[in-house]
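The next part holds the structures, each set out as structure tokens.
Two complexes are shown next, each including subunit A; its partner changes from subunit B in the first to subunit C in the second.
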Partner chain A sequence: MNVEFVNPFLSATLRVLETMASVEARPGKPFLKKEGGAQGDVSGIIGITGPTNGSMSLSFSRKCILKIVAGMLGEEMAEITDDIKDAVGELTNMISGDARNELGQKGYQFQIALPTVITGLNHEIRHKCNAPTIAIPFDTDAGPFVVEVSFEN
Partner chain B sequence: MLVDDLAVIRNMLKRQLIVLGADGQIDEAEDGLQAWNLLQERSYGLIIADIAMPHIDGLELQRRVRHSSQHRDIPILLISGEVSEQTVAADLQSKLDDFLTKPFTTETFEMRLWKMLKQE
Partner chain C sequence: MVTEQSAIDFNQKVLVVDDVTAMWKIIRNVLKEIGSNHICEADNGAAALSLLRSEKIGLVLTDWNIPPMTGLELLQRIRREPASKDIPVSKVTTKGQKENILDAIKAGADNFVVKPLTAETIREKIEQIFRTRK
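Right, the complex of A and B next:
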């Protein structure tokens, strides 16, 4: 996988959370993901096509996504409702769209599909291709989340 | 009027409008069709609409409003997270009131609104 494709997703994640939710996220060290299980309580995944095909996912811990959506709406959130799931879909959309624009500026024209949101303990994220998955862990004051990017070689 | 198929986004935009001092009635519609139906009953000082929506999308809603003798002067701010401003401008080759790509800060949102309302 072209590592040049990973950084735009990292910077898009920081930008979207800062501007839409006033949440500061701190990226950790990316690692190669070996198993399918998600590392959060609610996840969004989106397919990406273009010079190569792949997908991106976001997996939030419960506490983290409640804080992020509270930041978007300006009101406290207590549980994972349909609004929270919609917000995860929209964040997945915005982050992939923002990364897509950055990749476009580098000469890589990608299209993005519609996001899917998954919830439940230990749910599985299936990326659109069998290529290696790069996971980027993030930390926030309200808990962790993980961004995964997977593209065919 | 706020037009978006996601309640969470309508709530977020509503909050931003209130923070910016909006003091009138803010109606909500889930898609362009619902928005168009509301426009048959009353007029609005401003429409903020997502582009990607079921039934009637933001671009079609804008086209209908512009072709309506009653509503053609309503400022419309189109919002999307999926396409860049350049893409829309190039594709449409037409007059866009204004267009905003998500994510945007409250400051950017405010600047666009002021610019649009000042033009009126």
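Right, the complex of A and C next:
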């Protein structure tokens, strides 16, 4: 996978969370993900097509997403509600859109699909291609989340 | 110091069109932060057109994806209907690429807000609309 395609998702994640939720996220060391299981309790995934095809996902721990959505909506959140699922879909949309805009400035014109949100214990994230998946762990004051990017070679 | 007076008419009702109701809350909070308290919402194009016929709306902020209609189709419908053809419309979207901006401007959008959005961005864009239309 072209690593040039990964960094825009990292910077978009930091930008979107800071702007929309006033949450500072700290990226950890990226790793190659071997299994399909999600790292978190609620995930969003979105298909991406263009010079190469793939997908991006976000997977949040419960505590982390409750804090992020509280920051986005300006109200306390205590459980995974429809508002939380909507917000995860919107975050997936915004982060992929922001990364798409950055990739567009580099000459790579991608299109993004509509996001899908998955919840539940031990849910699976199925990326849209069979290429290796790069996972970037993030930490916040409210707990961890993971961004995954997978593009065909 | 001379401060330029805002061109925004905060008495005008703002219609927010988005299929994601969490976005209603986000945009409502942002609008309240800049002083706009007259807000109504629609989760699809048909509902938006219906509100535009029945209420006095001063500004529309619409998302690009509002199935089954697209934001672009809604914009074209707004510009075709006599009751709404002159109402300012700003597109709120993640699609910030040149061709998307051109499509929206060609269809009659006044301007464009690219998500993630802040109160400052929304204020600037609305200000721009009201100044241009004065």
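The rule is short, and it goes like this: the second predicted complex is superposed on the first by the 153 of 153 C-alpha atoms of A that agree within 3 Å, B and C clash if a C-alpha of one lies under 4 Å from a C-alpha of the other, contacts with A are read in each partner's own complex, and residues count from 1 in each chain.
In this text, a contact is a pair of C-beta atoms (placed from the backbone, for glycine too) under 8 Å apart; a residue touches a chain by one contact, two chains touch by 3 or more.
Remember, predicted model here, so these are calculated numbers, not experimental data.
Colleague: Is this a clash or a fit when subunit B and subunit C both end up on subunit A?
Modeller: Overlaying the two structures gives a clash between subunit B and subunit C.
Colleague: Looking at A:D98, would you say it contacts subunit B, subunit C, both, or neither? Reply first, second, both or neither.
Modeller: Touch partners of A:D98: subunit B and subunit C.
Colleague: Would you sort A:D86 into first (subunit B), second (subunit C), both or neither based on which partner it touches?
Modeller: It touches subunit B and subunit C both.
Colleague: Where does A:T49 make contact in the superposed view: on subunit B (first), on subunit C (second), on both, or on neither?
Modeller: neither
Colleague: Have a look at where A:Q109 lands relative to subunit B and subunit C in the superposition and call it first, second, both or neither.
Modeller: second
Colleague: So in the superposed three-chain picture, is A:N2 touching just subunit B, just subunit C, both, or none of them (first/second/both/neither)?
Modeller: A:N2 contacts neither subunit B nor subunit C.
Colleague: Using the superposition described at the top, list the residues of subunit A that contact subunit B and also contact subunit C.
Modeller: 15-16, 19-20, 69, 72-74, 83, 86-87, 89-90, 93-94, 97-98, 101, 104, 112
Colleague: Along subunit A, where are the residues that touch subunit B in the complex?
Modeller: It is residues 15-16, 19-20, 69, 72-74, 83-84, 86-87, 89-90, 93-94, 97-98, 101, 104, 112 of subunit A that touch subunit B.
Colleague: Looking at the complex, which residues from subunit A come into contact with subunit C?
Modeller: Residues in contact with subunit C: 15-16, 19-20, 69, 72-75, 82-83, 86-87, 89-90, 93-94, 96-98, 100-101, 104, 109, 112, 114.
Colleague: Quick one: which bits of subunit B touch subunit A in the complex? Just the residue numbers, please.
Modeller: It is residues 6-9, 11-12, 15, 19, 80-84, 101-105 of subunit B that touch subunit A.
Colleague: Going by the contact rule at the top, pick out the subunit C residues touching subunit A in the complex.
Modeller: Result: residues 20-23, 25-26, 29, 65, 93-97, 114-118 of subunit C touch subunit A.
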